[in-house]
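Next come the structures, one after another.
Next, two complexes with chain A in common: one pairs it with chain B, the other with chain C.
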Partner chain A sequence: MTARDELPVKGSKTRTQAGYIGKAEPRANAKRLLQGRGSFIDDLRFPRLAQVVFLRSPHAHAKIRKLDFSKARTAPGVIAVVDGRAVAEYCTPWVGVLSHLKGLKSAPQFPIAIDRACWQGEAVAAVVAETRAQAEDACELIVAEYDPLPAVIDMHEALAGRHVIHPDLGDNICFNREVDFGAVEAAFAKADVVVEESYSFGRHTGVCLEGRAILADYNAAEHTLTVHHATQAPHMMQDIFSKHLNIPEANVRVICRDIGGAYGIKVHVYPDEMCTAALSIMLRRPVKFVADRMESFLSDIHAREHKVKVRLAATKAGEILAFDLDDLTAIGPYSVYPRTSGIEGNQVVNLTGGPYKHQNYRAKLNVVFTNKNVTCQYRAVGHPIAVALTEGIVDLAAQKLGMDPAEFRRRNLVPDDAYPYTGAAGMKFELLSHHQCLDKLLALMDYKALRAEQAELRKKGVYRGIGLAAMIEVTNPSPAFYGVGGARISAQDGATLRLEPTGMLTVLSSVTEQGQGTEGIFAQIAATAVGVTMDKVKVITGDTSTTPYGGGTWASRGAGIGGEAVLQAGKALRSNILDIAAAILSVDKATLDVYNNEIIDAASGASRLPLAELGRVAYFRPDTLPMKFQSELMVTRHYTPREYGFTFTNGIQASLVEIHPDTGFVKLLKHWCVEDCGTVINPMLVDEQIRGGVVQGIGGALFEECHYSEDGQLLNASMADYLVPMSGEMPDIVCGHVESPTKSSELGAKGVGEAGTAGAPGAVMNAINDALAPLNARVNSMPFTPERILDALGAANAKG
Partner chain B sequence: MIRLKPGSRHPVALTVNEKACTGTAEPRTLLSDFLRHELKLHGTHVGCEHGVCGACTVMVDGRAVRSCMQLAVECDGASVRTVEGLAQDGALNALQRAFNRHHALQCGFCTAGILMSATHFLSENPNPTEDAVKEMLSGHICRCTGYYPIVAAILDAAGEICAANRITKEKP
Partner chain C sequence: MKSPAFAYAKPRTLDEACGLLEAHGEESRIIAGGQSLVAMLNLRLAAPGLLVDINAIEGLGGISVQGDRLVIGALVRHREIEQSGMVAENCPLLAQAAPHIAHVAIRNSGTIGGSIALADPAAEWPACCLALDATFRLVSKKGERRVAARDFFKGLFATALRPAELVAAIEIPLLPNHRSVFLELARRRGDYAIVGLAALARPEGGRLHDVRLAYLGGGDAPILARHAMQAAEGKPPAADLSAELARDLSPLADLENRAATKLHLANVLARRALAALAA
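Up next is the complex of A and B:
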């Protein structure tokens, strides 16, 4: 039984504002975006605002022989033209390593390349002018001469190391890791069935509709730097600006208002953005950089380029004995600061085979440098690869055993009553619900009926396929993710709640909003916890000088970590409110409650005092309160998950596709996802996180790939050539939920933002291969373009 | 025909959301940049500047056009409608309300363009099918949502607008 001021979130016992948790409330901040009154970086106007554009290397690897700025410097409107050395005077270089990824190495990186460019698109000079058009015109007047160097483009060549990109590092290996748990050799030796497959995953990028954007405003008079930044992690950036630009932390303020898509792209340190901040200090005026579309393709982080060989051992009864994998991934010439580019491969090692109860697991990972754009963490980091190769090889094993893929999974998924459970890769799971999710999925999609329909249609020459993909997902990370490795990235988040004199509630949170609905769900939690209606709540995020310190938004952590801080602050504020009410009304605190913006009598529900009156007394007439009484109507609470390294979630997806063997086209007919993200705070927002994630995952499975030529030129750096999913080709996506709240927080919420992206590629791949099975063809290289499907069918015909 | 000089600025007069607006533009200035930087109407967003993403869509003389594919000077004298003209006195119109209800936007960067395309589309197709909405929406990239709530919102708004029109017609 909880005390009255310790409100259970979903409590039914007390007369409280419990109604908002679990309700599909529209988010308040959508209204300004719908009226064109958002505040994106390029919408901001400052006196003396200058614009910077960058000259970028046309070569994948080249010595910069000569940069002649003489013509550019005299062009109309030009304020400055600088090279890497000039900017390095104002900004120290960085190295993207983490000590807990043992042996991970990288080379120092500067805001602008000095002497040598290491990928096509690396900035080699910056032009600052009064307007962007003037800066772009002047940029064309720079005379740049290069001596091309051998470019390492292929990841196998990088591993072989004939040409070493950073000679000081000795080889092209950024990071490697090998794990061997259980008795893998013995398991394969005694297995009835061994299946093996090689998968490859294309390089993707985030394609945020708003390019990366930053407006840095240095004030020399007080040595302060205010940075309006499209970033997911303002406090992390505050620390980094402070450190590398040598400005005291408290003098750096990072503000993030509206951000036009992020998906992990905007959580990293970018050289051109650091350069913009350095230029503001150098020129003592506000400077803005907004990446254009081509620059976005050339310099936003890429992700996912992996080639993986995976093996699975099973008994003929259908028990999985072991997984064995070998992953090679290429990350560009630098490990990205400060999160490193070793995390994605590391996640593949941690997550492969994760849903299953085998106890033997071996994995080998090599992360290598290449002369392509850098890669780093992008939505679902490593999960799409781990899920696709796990689920691909699981389907192959089921096929070889002649077993239905759903039944094969049922036999091997970790039982729902086995928790807490440690998986073969060493990951600790608090509470997952694989079997409930599988059952719910099969019912939701009417699996049996679909299989029957599939068989009927095959007789008519229609090739439909059904693919499943079970998944585990890292959410609510503890300091084990970055902090333990030395990165100054907060795993903790905070919330400040303040009751205003009129009875309104202001919520300040360190979590940031990029449209997920963070501010909306925090309003729901705060209203619930305090006892006010939603219209009374105003949420403020994205300002290091006003919000509590915290990590921001990444790794599916905002709702689970930031939400718990809001809940705890709300409970504490409610208790403080009741203290004041008891003092005003001269009654025992325990007889009162807060409900519907009023103090009520807990027993009868009778109205006693509006919060607006309580606020008036507390702020303006404290002289009427008892002499020793001090009211506290502002409360801050923090929360860090610590019991588990990660609060794992689970789920399962299914895809139904139809293949046209003559054209190689894949038609997505329907998609399902059943996900367990613990407490669902707002089902409408959660479902749309899943759907949006699924669509991004489908993009990787069917369309998206950054194509590089043999000499390292990005061949499709435009939206016309790099295809992303559009409305007409997307299937209906049906969402279902199982709720297993985490016990590590009172809110019980786990993350959900990456679940869709994690599982969709594997589900679509399995559906395509299921459709192709009667034609004896298989595909294993994403994206599954019509060309690749036709190639697979051609190879099958040639064999047949 | 007036001959324009590169590098020099030329007067451009537009009617934007029923208000007369004037400014100057170089011959190369895009309508999107003119709206944003000269007229300071920031509601129209620029996503790709090559006519693919649809974020910058506005209505010019009743047609939905990508403002990054039009020069400001060629629109001289035109009547332009932008996202800022949809809500009246801060009250969302039926389409905007439906978007809000259905959570048909996340980051909101693509939204202005989609609202303008949908406004044009509904004016010509007051009672559209789901497939027709999806076809129209395929001229826009939304990287956040799964498109589903946008389709639902447009269909919902169509129903509401139709019903409202019926009532208005019946009244006199």
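Up next is the complex of A and C:
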């Protein structure tokens, strides 16, 4: 029985509607945003609001020899010009480490660089003025002189350590890890087939429609700090502002208004944002920082940038015996606080080979410092790397064995009846559905017909390719992700539900909304659990002063964790409502139910009492209720996933492409994704999460790369030169679902925010290589630009 | 980022505009559609003291056929050209090229005069004007002069425009017996092309005459590929002009393409264009 069958919560012998779980309900905030009535941080108007801009280092690595602010300080509208030392008086430095990533190290990081800049784009001074334009004018008047230092740009050079970025750390290795499970050497020794390939993944970033934004408002009289912040984790930021700015936690309030996309970009501590908060304290007035597009490219976290060698051992019969992995990844000069920059590489180690039933696995990971912008967790953290290299080498093995790639996967995917199951990398899976998903995908895309068409077209010189990518995805993380490592990041979330006197339902959740529709699904769950219609529900998120305490939005946790808290609070509120109804009506509570905004007789369905009448009595005429009875129309419940470290999901994607061998251009013809996120709360939102994720994955596979020069200059910090995927080039994306609800919660929902991004790059890569196979070419460096494909084909012969 | 402060003038006549340009010299910049200049201002790559907005000047707009020429005023927006029946009928190359210029919102605002005056080597109109052997009407306080497109483009953002002179109109000879093709290779629709080609020829019995191949993205200016044109002249469509194009073009490497890759792609475009012209 799935959660959908059990909901809404039913009294005995009740006839009720099926509830809103599983329905494609439109979300309440979509219309508001479409009408331009969103309220983003840059829309806020405050008296005495000052704006800060930053002078950023033009060098990848340099000693700051001189900063002369004399001209800037006298420019029109300027309020203050400060360096790193001045800001450090108000904000303590931080170090991005986690104790459960053993040996992970980093250096103290300040809001503004002191004496030395470690990447091009690191702030070295801040100018506060009445307007942004005035601050930018003044910024140009700062005289800054630098002594360039050797810049470590290449990750192999970083590993070799000729120049050490932070001499106190001894070397450039932030984190390393080796695992060896089973008998890898023996497996490779007895294998009939061994395949090996190296893959490289370009550095890219998450491009949010709204840049990072913060408005900090310090009130000296109360010693309070109110921060309007485009963040995914308001309570985490409250804790961090409190700690580093030395203000009691209760005096710090973080408010999230509308947020224009986040994708993990807005869940980290950024030096310029900490500086903005510190400046508000220093200047005792509200100060705003909104990153412009160039600053976003230079200072929003980047991600990926891996060079990986992977080997696979298999038998002639097509059984995978072992994976052997060596991953090198570069993260910039600091491990980002407080989540660290070791997680992405760690995820690659945890997830490689994840869908398959081999028992032998070895992996080596090196995470190194470089003098480029920092990298950290961005949508699907590590998954796109792990899935692509796993699925790339699986396809190569199938090719070598002469076996159809779908059939090869079928022989090796963990069987659907094997759960609970522990994979070779030690990951524990509660319940996955690889085979159901594979079958559904092959039927959905009509795999056989596509293969036949592909063969026909090849005879006509048309090169089409079909690529598959099976995947597992980390969702609903328990405290095992960050909390056990000492980070003050909540893995639990809470929901408060309040029945208003008119019968309206207010929902307050600690999970945040950045455009993904969280508030919409919480309204569906709350309406279903309590027994009201959707139009009665108002959801409030993103305010540390009013919502329950929780982790916010990251790692595909909003629906599964926050949603379960809403469900439990809703069930409790429904019970409390029935207590009041029983008191008013002087009947046994068990004979009543809540349905369609009314108390009904559970047996007959007859209407007994509108909720608005119940609310009137409970709030305004409690004197009419029995003497000892106190109504409770506000209920809070929390939820923490604990049984498993992560609630894994699974799925499989397919890509159909056509390659033009004379130009190297790839045309994306179609894309499919079948995944299993457990209980589907809103199929429309789930599909759009998948589609949006697939598009971001395709971005990494074909378009997006942060290009750096040899001396560490970011060469494409604009929307003209950094190619985000655009709708014109995107294929139709067909979604399918298998539902295996998690038993760890009553709702049964797993996460879905990252599956699309996780699997798309691997599927596209395999499709390209499938198309190139008859031309004896293969590519393995993302993004797959036309030139890289031409190079593989040997078509663009001369090297310029 | 925010633009640095500048003064702004909106003259009503050409004479007034030319006077302002002359009085303020290099401190002044003309603004029409603003699709390149505003971005440069906001990135603080340009900091003119005075913007001379020419949008209110009468006589700089309009598309008309005058004798054996199609005349397009400098203020005509890309989108007007794209949607003009007169252009489609009299100079199909321009109608073919227009949809490749950036995106609709940009085409609604950007002007052909601005594109010619800026002379971005990756822009569509300069290459089209080379292929069509267009002539530009340039005006200044000293009066009007006419300069052939083939003498106008001098290099990277460099033209024959003199200080305080502006582009008033583009004159395009009518070529009723020619066929045209516009091709470009861009990663995403609307991007600047890696390389593009404006091609014209008069087909006759499977052979191509008066072949004109003008490239964008083939060097630091729009380039008429004279050796390739000569090699293709009077013949059936050529399969490989790579040797000739190597002499004609000197593409600049970009972040994702070496010069050699662009040359290869230029040759692919030539092959496709010539085949289409003869078809």
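The definition used in the following text is that the second predicted complex is superposed on the first by the 777 of 800 C-alpha atoms of A that agree within 3 Å, B and C clash if a C-alpha of one lies under 4 Å from a C-alpha of the other, contacts with A are read in each partner's own complex, and residues count from 1 in each chain.
We adopt the following convention: contacts are C-beta pairs under 8 Å (C-beta built on N, C-alpha and C of every residue); 3 or more make two chains touch, one makes a residue touch a chain.
What you are looking at is a predicted structure, and each value in this text was computed from that prediction instead of being measured.
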> Between chain B (first) and chain C (second), which does A:Met726 come into contact with in this model arrangement: first, second, both, or neither?
Replying inline: both
>> Contact-wise, after the overlay, does A:Leu790 reach chain B, chain C, both or neither (first, second, both, neither)?
In response: second
> Looking at chain A, does chain B or chain C touch a larger number of its residues?
Replying inline: B
> Where does A:Phe703 make contact in the superposed view: on chain B (first), on chain C (second), on both, or on neither?
Replying inline: second
>> Tell me the contact category for A:Gly36 with respect to chain B and chain C: first, second, both or neither.
In response: first
>> Looking at A:Gln516 after the superposition, I want to know if it touches chain B, chain C, both of them or none. Which is it: first, second, both, neither?
In response: first
>> Which partner chains sit in contact with A:Asp292 here, chain B, chain C, both or neither? Use first/second/both/neither.
In response: both
> Does the superposition put A:Lys63 against chain B (first), chain C (second), both, or neither?
Replying inline: neither
>> Between chain B and chain C, whom does A:Lys743 touch in the aligned arrangement: first, second, both, or neither?
In response: neither
>> I'd like to know which partner A:Phe665 touches here: chain B for first, chain C for second, both or neither.
In response: second
> chain A residues touched by both chain B and chain C?
Replying inline: 133, 292, 718, 720, 726, 728-729
> Within the complex, which stretch of chain C touches chain A?
Replying inline: 1-5, 43-44, 185, 187-192, 194, 253, 255-261, 263-265, 268
>> For a test of understanding, state which residues of chain A touch chain B in their complex under the given definition.
In response: 26-27, 30-31, 33-38, 40, 42-43, 45, 133, 206-210, 258-263, 292-293, 514-517, 684-685, 688, 690-692, 694-696, 718-720, 724, 726-730, 732-733, 756
> Along chain A, where are the residues that touch chain C in the complex?
Replying inline: 131-133, 136-137, 140, 292, 294, 662-663, 665, 703, 707, 715-716, 718, 720-721, 723, 725-726, 728-729, 785-787, 790, 795-800
> Which chain B residues qualify as touching chain A in the complex?
Replying inline: 26, 28, 36, 40-50, 52-53, 55, 82-84, 86-87, 90, 92, 96, 99-101, 103, 105-112, 115, 134-135, 137-138, 140-151
